[in-house]
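Each chain carries a letter (A, B and C) given by its place in the written order, and its residues are counted from 1.
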Amino acid sequence: MGGLFDKNVDVLSKSLDMYLLRHSVIADNIANAETPFFKARKVDFETSLQRAIDTEAAGMSTGDRGIASVDPIIFEDAESEVGQDLNTVDMDREMSAMTKNDIQYSAAAEAISKKFALLKYCISEGGGGGG
Amino acid sequence: MADFFDSLDVSASALSAERLRMNTISSNLANAQTTRTPEGGPYRRKDPVFEAQPVESFKTVLNGAMDVPMHKVHVVDVVSDSGPPKMVYNPDHPDANPEGFVAMPNVNTMEEMVNMITASRTYEANVTAVNIARGMMAKALDIGRK
Amino acid sequence: MSVHAIASSISGLGNTRELMHQSNVEQGTEAGQSSFSQELNQSINKVNDLLGASDKATTELAVGRSENLHEAMIATEKAESAMKFLVQVRNKALDAYREIMRMQI
């Protein structure tokens, strides 16, 4: 582990960005649940994030900035049901997705927080035991 | 990066739109029996028309590749239903036509009630979206607070 | 000198004479009895493993491979507690060492 901050912080920080984006897209879907012709969208970043992690773990160069440059894919769900006004937003699905995303965001934020707290502890307490 | 505050704007626009929809529904229900209007003829039920309006924010312009447009709900117009009025036989009514039929508003109470429930549910869903967004931001502020 | 002796001496508010005796024993480590440095090394490795497990668990959550929220949180908490305990043990050991070094022979 070179440096003070390990790769795990990068991964968690990236996932926080992505959860934020996912919330924006879900909120967008919910807001436009009654708008004619609106197509619901989804965010997928897990696959590219996993790939970036595996590439780095294998020691291969990821060319660009590695995990920090993982891009999300925003797409329209092809399997969603189409309503009468050609709107594809499924309110129940969006609500549960939003709740799940909220929990995942909290978990990642908590994990990062604990990491920094532990680091701070070691920095301050490690100097103790003198005298 | 991803525009958090734009997301709040989007949810807020939906709240306004649904509130407007509620107003038109209330107007429809209140005027279900109105046979006289300033424009002449019975009351015609009104419907809002929604349109998705992409959010043009400074950030989306800057980010280029990360341009993920969100859509605010924009009420284009409140249109009157152009369908034919309901003809009810009531010869004693002051507005009855020579055949004894009164032109009643084309308001279907059941339909309006269902629309009202949908509007209410959508409104609550958007309120939840705002609350969850706020919770996430609060959680972010807590990083490193321990 | 085993970790248990350290732990008991900590709770006994540092019986330094016992410490000194046992540090003499460490000079000629008997077969089958691990020295303090070995124990410490093992503990450090264990804490490292726990930290690695916690990182792995949170990564699995982030990439969506696992839905086990509680597992990740427990792993993180374990690693944190183990690390904090290790730091305290290190502090106490350092205390004991300095105490010994201060003794006039």
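Observations on the structure shown:
Simple rule for what comes next: a contact is a pair of C-beta atoms (placed from the backbone, for glycine too) under 8 Å apart; a residue touches a chain by one contact, two chains touch by 3 or more.
What you see is a predicted model, and the numbers here were worked out from it, not measured in a lab.
Chain centroids computed from C-alpha atoms place A closest to the centre of all protein C-alpha atoms shown. When the C-beta pairs in contact are tallied for A-C and for A-B, the bigger tally goes to A-B. Measuring from the averaged C-alpha position of chain B to that of chain C gives a distance of 64 Å.
Averaged C-alpha coordinates put the centre of chain A at 35 Å from the centre of chain C.
If each chain is reduced to the centroid of its CA atoms, chain A and chain B end up 32 Å from each other. Shared interface positions of chain A, i.e. residues touching 2 or more other chains, are given as 110, 114, 117.
Against chain C, the residues of chain A that register as touching in their complex are 6, 8, 11-12, 14-15, 46, 49-50, 53, 103-104, 107-108, 110-111, 114, 117-118, 121-122, 125-126, 128-131. Across the interface of their complex, chain A is touched by residues 1-4, 6-7, 10-11, 13-14, 17-18, 21, 50-52, 65-66, 68, 70-73, 118-119, 121-122, 125-126, 128-129, 132-133, 135-136, 139-140, 142-146 of chain B. Considering their complex, residues 16-17, 19-21, 23-28, 30-38, 71, 74, 91, 94-95, 98-99, 102, 105-106, 109-110, 112-114, 116-117 of chain A touch chain B. Interface residues of chain C facing chain A in the complex, by the touch rule stated above, are 55, 58-59, 61-65, 69, 72-73, 76-77, 79-80, 83-84, 87-88, 90-92, 94-95, 98.
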